[in-house]
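To keep things simple, chains are lettered A, B and C as they appear, and every chain counts its residues starting from 1.
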Amino acid sequence: MSSTFRTTGLAVGVLALSAGAAFGQDAAAPEAAEAVEYALASDTAYIFNTLLFLIGGFLVMFMAAGFAMLEAGMVRSKNVSMQCLKNISLYSIAGLMFWIVGYNLMYSGVDGGYFGTPSPKMIEPVGGSDLGAGYSGASDWFFQMVFCAATASIVSGTLAERIKLWPFLIFTAILTGILYPITGSWEWGAGWLDGMGFSDFAGSTLVHSVGGWAALSGAILLGARIGKYGPNGQVHPMPGSSIPLATLGTFILWLGWFGFNGASQLAMGTISDVTDISRIFVNTNLAACGGVVTAVILTQIIYKKVDVTMALNGALAGLVSITAEPLAPGIFTSIIIGSVGGAIVVFAVPMLDKMKIDDVVGAIPVHLLAGIWGTMIVPLSNSDATYSVQFIGVAAIGVFTFVASGIVWAILKATIGLRPSEEEETMGMDKAEVGVEAYPEFGQGSQRL
Amino acid sequence: MSSTFRTTGLAVGVLALSAGAAFGQDAAAPEAAEAVEYALASDTAYIFNTLLFLIGGFLVMFMAAGFAMLEAGMVRSKNVSMQCLKNISLYSIAGLMFWIVGYNLMYSGVDGGYFGTPSPKMIEPVGGSDLGAGYSGASDWFFQMVFCAATASIVSGTLAERIKLWPFLIFTAILTGILYPITGSWEWGAGWLDGMGFSDFAGSTLVHSVGGWAALSGAILLGARIGKYGPNGQVHPMPGSSIPLATLGTFILWLGWFGFNGASQLAMGTISDVTDISRIFVNTNLAACGGVVTAVILTQIIYKKVDVTMALNGALAGLVSITAEPLAPGIFTSIIIGSVGGAIVVFAVPMLDKMKIDDVVGAIPVHLLAGIWGTMIVPLSNSDATYSVQFIGVAAIGVFTFVASGIVWAILKATIGLRPSEEEETMGMDKAEVGVEAYPEFGQGSQRL
Amino acid sequence: MSSTFRTTGLAVGVLALSAGAAFGQDAAAPEAAEAVEYALASDTAYIFNTLLFLIGGFLVMFMAAGFAMLEAGMVRSKNVSMQCLKNISLYSIAGLMFWIVGYNLMYSGVDGGYFGTPSPKMIEPVGGSDLGAGYSGASDWFFQMVFCAATASIVSGTLAERIKLWPFLIFTAILTGILYPITGSWEWGAGWLDGMGFSDFAGSTLVHSVGGWAALSGAILLGARIGKYGPNGQVHPMPGSSIPLATLGTFILWLGWFGFNGASQLAMGTISDVTDISRIFVNTNLAACGGVVTAVILTQIIYKKVDVTMALNGALAGLVSITAEPLAPGIFTSIIIGSVGGAIVVFAVPMLDKMKIDDVVGAIPVHLLAGIWGTMIVPLSNSDATYSVQFIGVAAIGVFTFVASGIVWAILKATIGLRPSEEEETMGMDKAEVGVEAYPEFGQGSQRL
């Protein structure tokens, strides 16, 4: 009997958590508190909530493999080892930086302001049995960390084949330890943007656009790959070395997105929460389906062939588009949101080429443009969001990330330099910096392209 | 205290669910109701049940990647991009069709009949907190949808390398939106076959044989790949382009099968259910082990070499074989059932070649023949099933799917045509229809084969 | 009401389980019993505990794919099919052997002794609803089986490219059915080592070192690949055929490790347990991050290039290092433990080459040496462990496994022989024994190396 009483006494703490959950990773949502039903013993809810972070976390962690395969498949064989190296390194650096400084900079003591406290994240002691916030802080750190790592992965793809290893890794450390946490704090850390009512459930802007802006500023400072653009505006295709690896990467990312969006509900200890997570699964999946089908149909109409890389990026753009609000829209609306994402990719990829912005994997259309689209369309289905505040959020985070990233890239360029020598780039980064060819027995990339 | 009382009052609804669960995805099993023990608060059971669908769902979703890799590895390099494109497209089309029409056609208002109601599936509103059926309807849709997509994946493998993209995608839409849901409704939708006592726990027949029959009818109408069979009955091997990708695909499918069979228990909110799921995991895994070892030993004896593709297909055949009844058999019986599946593959693959039925990945032996075997052997371990009713189910679903698929294929052949021109097929589908080569730097498929 | 009473009555059984859990897979830890808090109804705890084994189990099962891809990527293309075949076969054999004899040999009736009862494992009947040990025995078998399979995977990598299929498979059967269970029984089966207070949470020694010792004894008896070492001590690099597959394998292993270490908590039905699991996720992840970053920095300093294979093995070594004690250390300590693991790899790989021990994938540094390191450093963070007992455990298990494996290898060598003919080895195992080339269209391994 005493167990029942204790449980009842502690229910209030979990109640607050559940209430916030209905608004995804956004911090404050007091107006929803009344609507939430509380039923489970707090202990059970704590376990469910923590389990959600752990499952969601390992799914998003696996997206690191997805990005690695997508990029390994989309670059030429002479740069594949480098891309593998960058992806495992950036995931590792993100983990370390988000522990040392990032998490608390993003979540601790922001209080409506512009950043939190740069200090290492503490987790529960062994055998910790404090109900606390209604979930394990360690599980929460793990879940948020993998989002941070995903942001850095986006940059890696755009800048592939022509950036040296170390400046990229240094940038990664700054992005994951400082830049991403700062803009993240504005919204998910209950900072000023959250106070205004900005809405970004799982990170169309906070994760995907931030990665996209950082990539864009890097791409501009870095310039295009040698030979990509001819003197008279010609675009020379540099096809990726392995379409099946790119396809695998896309499927892994799609799988990971169920954790990305689903676990951004942040709670699973009530019927409402788990039902909402289910709804998010459905919307997320069908938005991606819409993105694929739209890209397939459009490329058939425009090019008379169906470009598989557009289908893959269509899936990803659909996923990015629905990420800002995967819960509120109905199914049909979700499909439309994802489909527009797919269309954005089809039209933006050649547009970027016209602007001579060399984006090796199409990350800017997929993550930046579809991320903006997804964020701006939130008010269509979520009446708590407004177009004006959504625009302010998109613009503020965009300007900050683009400028701050640009400064970091510029400093790196002026000091250790960003690009390999022309000879090294032509030879491929694998021979130049990694010393290990990706396909020593059948790759002839350096001779062929 | 009030929470405890409400819970007790609602327990009956979940009781019914749990009872059905002991019979897998089969709808009606009233005789089991007495045996089920009910213990948890309904809210907790609801969360566990829904979580089972979500976890099972993402595992089966990932099987789309498994099929894609298996097929990408088993086709020649000149058709790999096409295979990737088909797989991501079919998964997307399946999702859309199963929402627009398929789910309700399969599950809504079948009432012992031959099909349900063709209408879009509705899911819970945001914050839905109705205990309802004891799980979230959205999670159930997601879980059932990925089964539907798996069915279409089977077809894709058999018909690879010689079917144009669009007729394949149109067939996929009809299969996933109409054909699969109709036969599915007969059993899992509580239709006439279920009323007779047919038993197919997770879909040896409803998913795997259906995919196999649709593939077989297509393979017959489509004919073999150019050069596959010589004028005097010679069989020219056309080895796949990447054994490691095929291996990866097999392992991903194996992983997904824990969701496929395990979550087909349909409930996890009681000790009985989660214990049964554990039993299913063990039986499923060991049936696959039996399939592998049998295929390895048989190919060593017959061919004096151990064909790795037979080992992979042995695993899959073992998995398909146990899928009709992964719960009732003991471990030893499960191993035998899976081993026979492995043997079927070893003998059926050359048999199909003798019949000049060109099955690129071996999907007909794996999914159709092992699916029939698995379904027919159910009565050995499950006394609620009879051999005669199992035969009626296998035959009825087989005839319907084979004929209906054949009609669709025939119409497509007569209208837009199924096959590319001889020149296009020789060149490879990647150049002909996708415009993106899978391995532009080291693939020389078109020159070599 | 009666449900509540029954629950209370059964709580004691689960209490014992939870208590043991705080010591990972180690069997006896009575002194911790007082510290454990019990809150949930036993039924709910049973479901959570079982679910932990199922989720952890499928994650570790997927490590079979990780090992397969890692090894497929690290061997030359002429041996890739063989490596795929070995990996799916060994996983299958491990499953069968660990059911027939292994599990009970390891866990049943050890009672402080040297081995248990060699008999098939029994699992619960259909609909089993006995609270029993607080989790489903079938789920426990599944979880422990995948550990056994992982052990055999380690051997496969070291001995690649020069061992015939059948002696390898026979060794696998003995390792997974007899050798691994015997040493496992000493600790996790509550045998003599556990009685002394040896501590190995998730298997740095019991799994990874055991695999490493078995691999080492095989490598010595087998000798190096033809051409690997020149007459004057030259080392001829034999680069792997696909770095992206090796990278994918590493990421899959990293993913699986959350199940490997996290679910080795063995219980998830209390706040303490799930919080500890979260702590384990964080420590495990950051130890791997430390391993990667250390390997990257060290290879940059030593070789002026960053060897991606060292980064991958650095991740794995970090993971192996933290496996003996992923719960007790603080985050910073975990990073250091993993970093030392990364350093071990960088220095040990060339050292082994100097000793002319040919370890194709670096499994001996990663699994054996980092496993020893991880086990020996446990007392730093876990005061229940002592350096002397840790040393006794490492040495006893090492001597037993090295000697017993050596005897098995020697018998196999003297009877059916271990190595293919020189001609077969030069031609590659794929043509010699599998009959299926991994990359028939672009692999030219036999001509090139």
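Just so we're on the same page, a contact is a pair of C-beta atoms (placed from the backbone, for glycine too) under 8 Å apart; a residue touches a chain by one contact, two chains touch by 3 or more.
Just so it is clear, the model here is predicted, and its values are computed rather than measured.
Trainee: Connecting every touching chain pair, does the picture come out as line, ring, star, complete or other?
Mentor: Complete.
Trainee: Mind checking the rotation angle between the two copies, subunit A and subunit B? C-alpha superposition, nearest 5 degrees is fine.
Mentor: C-alpha superposition angle, subunit A on subunit B: 120 degrees.
Trainee: Note whether the interface between subunit B and subunit C is symmetric in residue numbering, meaning over half of all numbers used appear on both sides, and answer same or different.
Mentor: Subunit B and subunit C contact each other through largely non-matching residue numbers.
Trainee: Measuring from the mean C-alpha position of subunit B to the mean C-alpha position of subunit C, what distance in angstrom results?
Mentor: Each chain reduced to its C-alpha mean, subunit B and subunit C end up 32 Å apart.
Trainee: Residues of subunit A that touch two or more other chains: which are they?
Mentor: 4, 44, 55, 242, 248, 439, 442
Trainee: Show me the residue ranges of subunit B that touch subunit A in the complex, using the header's touch definition.
Mentor: Residues 3-4, 6-7, 41, 43-44, 46-47, 50-51, 53-55, 57-58, 61-62, 64-65, 68-69, 72-73, 80-82, 84-85, 87-89, 91-93, 95-96, 99, 120-121, 123-124, 126-131, 136-139, 141-142, 145, 165-166, 169, 242, 245, 248, 433-442.
Trainee: Which residues of subunit C touch subunit A once you look at their complex with the stated criterion?
Mentor: 4, 22, 35-37, 39-40, 44, 48, 55, 59, 76-77, 239-244, 246-248, 250-252, 254-255, 258, 262, 268-272, 274-279, 281-282, 285-286, 288-290, 292-293, 296, 300, 303, 305-309, 311-312, 315, 327-328, 331-332, 335, 439, 442-445, 448-449
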